[in-house]
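Chain lettering (A, B and C) follows the sequence in which the chains are written, and residue indices restart at 1 in each chain.
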């Protein structure tokens, strides 16, 4: 069952008359960690929404292994191994940490393994275990981000989509979150991460795409991009 | 304390138990689907006719009639959702409420057409029980206990099952649900079926206390909405508590004045509460 | 435009001179007075202020008028304005805190629903004066008494047409005022409207009071015409929903929509009454409910709205 590749070709998508993505192509091989970076409004979130089925593309193909993502309803995607940690985390603030994780294990295949997945997530985030009965909305931003990632991991996904995991967090907490991302991918999970924090994200991914105004303007390995003068001046503060 | 006042308060609490079920049902549907079922009390009426027919006309045992009533009204809730609410999910709230208001007329008219306008009674009554200084109606006490059991079962379902947890989650954020593999349309169906079941249970408890007639929905429908709003639309716990509060207001109002004035007082209390706490007494 | 309107109005007023049977005149009067109430409701309904309690205002006005006549002997000519004034005062009492405290949407609808129920139950509770659920009849004056506002169908037809024309004139006048634009902005986004200097509470109050007043006027005149009042048909959830349905069926966004809705609902009621009679009691509300649901599902802008869209669609292109 291992080994589905996520591949997007010629994706066009938008909201109403507004087009946010123009012929975007992207590939994520199994076990890879890939970043999508770019300025605010470049279409990064739209790209993730297309992959997780929340937005249907107007043209182009999106596949995960053999599955055509555009042909499936959004709620079927966790079942084929795609988990999406949305922008702003979108936890259920009035439910406890454990209940949030329980919603993450909603699909039948996940319910069967609920206890072991819970142990796994609590092992990865001991903090969540301490606060399992606390209402998610009352935790700190970093803890909430952990809970959101934990919730996505509950359904044993093959690929994890992360949307701006560092947004709104203190620098120290950002470093912790990226350390976690590294740990998750070290366990063999494929990761696609969308970020504005280019410097940090290039340290944890193998490759990255640069998105600007809805188009891929550059791609390459982290090392290539980190040394690219254009990227350095645009995103890395020029040094 | 004056034993008559005490009796009124106790009766109010018992009355609140009966209000609690439709309030929970309405709040559940509103919280999940975001639509007010204006015809909720008429669903209860259909359930009451169902029990009455099966027990007095078809000769079923009362328990069997109760057992049949629940799925019938649950099915009606599903039908209501599929045929009327679902096509209007993206319409303005007023349109949705009015459409269920149309169903109110349909059910009322249907009941008149089939059963006429006579008051129908089950003819079962238990002797009142003497507890300390006061008398309590046995049927009311049983209905109260059954209502609490129903509410407890609902709470257990919402608290401990996957679907129940998803129902509580969807009330806060419906767009994010598919990311967890939850199909909102299925959750809507489940909520509508449970909303119908609660109306069916309320029907079983009411039909032993009250005669059923086509307009009975109008007699307790409005008060049910008031209670929901007082507790905060969609807030199950708030609605549950407000049901008892309203029950006691009505019952003690009847002690001080008369039944009609007690309803006037209850409605006036509701309006005042709305001005003091526009999102409900127990809004967070 | 104005000339056409005046001509139409004169034609309507002249209708009884054609010697129509009383039955048609009766339906016409009922239609005009309902149309006035529906127009009143739609005046605020079209701006998203959905009231489920207009029965309250109708009930207050009608019973005030009838009680003043029966108990004090005050002529309905003064009793109707007094009743309407009381209804408007009640509307102010209810609406002001609602708007100040931002009770909107579902909550507003349900607060007004409660108000309608309060009036209905109060009428029943005060049965020593109002006759309770059995209803009451204004004391009959010697026949065709102008002073008691009890006259034949021709006279009432003119009164009804005048009252209805007044309602339409109010709609026309509001449409041309700045208030219509202000209210449209408020119904889009209250905060944004407030931020550009629109006095939100004031505008909403004004339209609500006018709306309640027109609905109350239609209801009070209707009660006086029928010379019979009962709490179910003049207050409470039943009549309130009927008003909403009537306005919606005709089209609450068009000036003549509620009037078409009134003609439609009364024609429907009469057809149902004549075809089912008392043999199938209940068939009428059943058909009524089915039509209400069908209208909402398939003609959400009402009959007039549907025609307007047909006609304008190619040019406006919305």
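The working rule: a residue touches a chain if its C-beta (ideal position, glycine included) is under 8 Å from a C-beta of that chain, and two chains touch if they have at least 3 such contacts.
Each chain and its UniProt protein: A = ABC transporter ATP-binding protein; C = Branched-chain amino acid ABC transporter permease.
Small disclaimer: the values here were computed from a predicted structure and weren't measured.
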{"item": "Identity of the most central chain, Cα criterion", "value": "B"}
{"item": "Most distant chain from chain B by Cα centroid", "value": "A"}
{"item": "Inter-chain centre distance, chain A versus chain C - centres from mean C-alpha coordinates, in Å", "value": "56"}
{"item": "Chain centre separation in whole Å, for chain B relative to chain A (CA means)", "value": "43"}
{"item": "Inter-chain centre distance, chain B versus chain C - centres from mean C-alpha coordinates, in Å", "value": "31"}
{"item": "Per-residue overlap in chain A, given as positions that touch at least 2 other chains", "value": "none"}
{"item": "Complex contacts: residues of chain B adjacent to chain C", "value": "36, 84, 87-88, 91-95, 97-99, 101-114, 116-117, 214, 218, 221-222, 225-226, 228-229, 233, 258, 260-261, 263-264, 267-268, 270-271, 274-275, 278-279"}
{"item": "Of all residues in chain A, those that touch chain B in their complex", "value": "52-54, 73-79, 83-84, 86, 90, 92-95, 99-100, 102-107, 110-111, 151-152, 155"}
{"item": "Touch list for chain B against partner chain A, complex", "value": "162, 165-166, 168-169, 172-173, 175-184, 284"}
{"item": "Touching residues (chain side chain C, partner chain B) in the complex", "value": "45, 48, 50, 94, 97-98, 101-103, 105-107, 109-111, 113-115, 117-118, 121-122, 124-125, 236-238, 241, 244-245, 248, 280-293, 296-297, 300"}
